[in-house]
Amino acid sequence: MSSIRVTVWNEFRHEKSDPKVTALYPRGIHGAIAEFLASQGFETRTATLDEPEHGLTQEVLNNTDVLMWWGHMAHGEVSDEVVARVHERVLAGMGLIVLHSGHFSKIFRALMGTTCNLKWREIGEKERLYVVEPGHPIAQGLGEFIEIPHTEMYGERFDIPAPDTLVFISWFQGGEVFRSGCCYHRGAGKVFYFRPGHETFPIFYQPEIQKVLTNAVRWAAPVAGPTVTFGHRPQPMEHVEPFLG
Amino acid sequence: MSSIRVTVWNEFRHEKSDPKVTALYPRGIHGAIAEFLASQGFETRTATLDEPEHGLTQEVLNNTDVLMWWGHMAHGEVSDEVVARVHERVLAGMGLIVLHSGHFSKIFRALMGTTCNLKWREIGEKERLYVVEPGHPIAQGLGEFIEIPHTEMYGERFDIPAPDTLVFISWFQGGEVFRSGCCYHRGAGKVFYFRPGHETFPIFYQPEIQKVLTNAVRWAAPVAGPTVTFGHRPQPMEHVEPFLG
Amino acid sequence: MSSIRVTVWNEFRHEKSDPKVTALYPRGIHGAIAEFLASQGFETRTATLDEPEHGLTQEVLNNTDVLMWWGHMAHGEVSDEVVARVHERVLAGMGLIVLHSGHFSKIFRALMGTTCNLKWREIGEKERLYVVEPGHPIAQGLGEFIEIPHTEMYGERFDIPAPDTLVFISWFQGGEVFRSGCCYHRGAGKVFYFRPGHETFPIFYQPEIQKVLTNAVRWAAPVAGPTVTFGHRPQPMEHVEPFLG
Amino acid sequence: MSSIRVTVWNEFRHEKSDPKVTALYPRGIHGAIAEFLASQGFETRTATLDEPEHGLTQEVLNNTDVLMWWGHMAHGEVSDEVVARVHERVLAGMGLIVLHSGHFSKIFRALMGTTCNLKWREIGEKERLYVVEPGHPIAQGLGEFIEIPHTEMYGERFDIPAPDTLVFISWFQGGEVFRSGCCYHRGAGKVFYFRPGHETFPIFYQPEIQKVLTNAVRWAAPVAGPTVTFGHRPQPMEHVEPFLG
């Protein structure tokens, strides 16, 4: 089997403007993610907001099996044309993994059809992600929960469609819960939203988080399913007597 | 309990341009639907594409519990501003019932996040809609299936998210199947897609179809649920020790 | 509309053997629940384990629209024959609301097909139930969450099938989460599992909890849907040419 | 990756008593299935009703990743003890693929919690299975539909819980539809029900059907997910102040 081709997209702004983030993710969040994915044998590349076409040309997308998306402060700067291009590719089968603050990205909102809004707080509290579907491939190799010692809180109500499969539910020290691992089929593509991953915490270096993302890439990779066709089918496959209304 | 306020929206173009449709629906499809809904005790009004703001002013929407949507040949003429207004109202709790060719309306596609495309054929063949969730309120008062003697065919693959609840599956004489009654929660609102209802067939006069739409209005009507709030929650509800990173 | 007929079933053992429980629920948990349900206009009766046939004769079940079930220490004493009778009635359309420790009842396990096991702790900690589907009728009249000051904890992994609709997720002070409000269609019947309600806490006197149960009765009440038939259909509805193998 | 271990279970009675079936499946339905699965690289064995413990000893089950189940005329002869053993293994992670008339097996009914009843007719009519979730791994390598020229009909209402994922819907020449490919998570295990496969038709020799079953084995194979634990957790993970009730 040829290897899965992953493109890690990052807004890549915090890392340039906030020394704390630069220190934590010196090669950018995309760099940190791409590194551990490459070590898993995926064919990995990166793309960022400030590249031409945000690095997501039609050619790049056509050669991407799974796109990972991290954005936060600059969702509005992502061009509608690129969003439409990504949207079309997802419906055609490309996997999409949306990370953390990517909940508010144009592409995730377009795919969900809802505001994707939530409650949040940034005081470095504890989070525990419970696996609620232990037979799901994204839970492979995990314990019963993942503990993140310090993180930003996201709280319900998370304004999303009920996921096709809910894999993780988070507990937060400050008193909230959150649907943290959400699987969707959209068109021929698969979408996974995964909550952890704030820019000021070393969450993408945590082995269990890397494990989830590795599993998610495998789950979201395209399936060589039917070539779906649409439109006019003037000839019925079975005999239908003429109707003269 | 005060009565449910229904607004029946219709593109209302075929009825003006095609004598066959005019003869079938002399007061428009919206008129035919509004009439039987009113007879069920709903507070019913209509709105059409060629009215100012398509008849869907903010005030009309604010006073609508359930919006019914029929469109076909002029989806592109519906203004994006009105679509955004309807979208927002659905997420805030207004019910939306999308009829037949409304599958391709801007509002349905925006809520679903997919193309909502399908296969179709217009030779007046037979359809049978099977109830697959007999305990669902939309199945109230029905038999095991509804037979429509002559209709337009819609065939799978229907490019929608898997419904939260699938109520009807259609059989077509020419050889296809279709997910014909699909329930969704989106935001605080409920959406029901119902397949039957072509402009050249007297389907909206069929008692079982009227029964389904009556049931669907009751199911889709808003619930006085929680006032959902979003955004920053700087103060945790529980004690969290300061984190100094 | 005639009123919904509710039967509140209770094991009714703790109340007889534990003075603390007797003091809290002097007329039994069933008595406390039946009282507030009656005040909502439901036609309410009770049944308990130590009555003949556990109070659930065929006649009682035939005249029950929604059965509420509380059990804890004596699940094994419920006769398999009565369980089979209740099971059959649920599949035929009767609503079933399973409360708290009823997760381990024979009837709930038979309907779910899984162990329905979970983690638990009884130290009187705080619980917060978040509404995650605000447009669902069971969320009517609630705030964004319900807080229970002191309760028994139930923690994930809760070994149930993913609910058709997940309405509540609980946060617990001691560090766990739980899917606390779970809706299922089974046959023509509807099942709602609701977590709160331990015998040593006054939870069934809490107005929000009573609100949820009142809503749940309305949601679970039978729908006059199709009379479903099964079995041999030797005659096809459409012409099929003879096949001579 | 070590190969997936599949056990194909067959009632193996029709093949002994009906010369037509013997001619069609000379090595039994299990033999035919095991043969093509082995050719796909799975480690395959068979088991049948008349073997001791129906060939499903604890040791066989402990060494089975995916169990395939075909039964029809002798469901009642399968011992409850063996059913309980299989049930436990599924909840612990073993995949289960239930074929055709296996819908009425004890194990499928126990896992579903419903009657699993349906309508049927045996006149050799045509069936078309439409893929409705084209991105699902079970749809890999298929066209938009599978056509079976002559088969037994199964018609809705199929009394099952709504599947977690619905992959196929069938059209039948005689006028019915059916949910023909249904995926479920149950415990840590995965269950796939697949409708085609009557003993008097050469359906298990049809390449697309073999493709589906091959895909289903891969999908249903166990995931090395969390070791789920249950029961008393007297010590909270977080501080909880003593409650003195």
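Lettered A, B, C and D in written order, each chain numbered from 1.
Everything that follows uses one rule, which is that contacts are C-beta pairs under 8 Å (C-beta built on N, C-alpha and C of every residue); 3 or more make two chains touch, one makes a residue touch a chain.
Just so it is clear, the model here is predicted, and its values are computed rather than measured.
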item: Minimum number of chain-to-chain contact steps, subunit B to subunit D; value: 1
item: Most distant chain from subunit C by Cα centroid; value: A
item: Winner on C-beta contact pairs when A-D is weighed against A-C; value: A-D
item: Euclidean distance of C-alpha centroids - subunit C vs subunit D, Å; value: 30
item: Separation of subunit A from subunit D, taking each centre as the mean of its C-alpha atoms, in whole Å; value: 32
item: Centre-of-Cα separation between subunit C and subunit A, whole angstrom; value: 36
item: Shared-contact residues (touching 2 or more other chains) in subunit B; value: 128, 131, 133-134, 144, 155, 157, 162, 164-165, 173, 175-176, 185, 187, 226, 228-229, 237-238
item: Subunit B partner contacts - residues on subunit C that touch it in the complex; value: 93, 128, 131, 133-137, 139-144, 164-165, 173, 185, 187-190, 222-229, 237-238
item: List of subunit D residues in touch with subunit C within their complex; value: 20, 91, 110-115, 117-121, 123-126, 150, 153, 155, 157, 159, 161-162, 164, 173-176, 184-187, 200, 226, 228-238, 240, 242-243, 245
item: Sites on subunit B touched by subunit D in the complex; value: 128, 130-134, 144, 155-158, 162, 165-166, 169-172, 175-177, 179
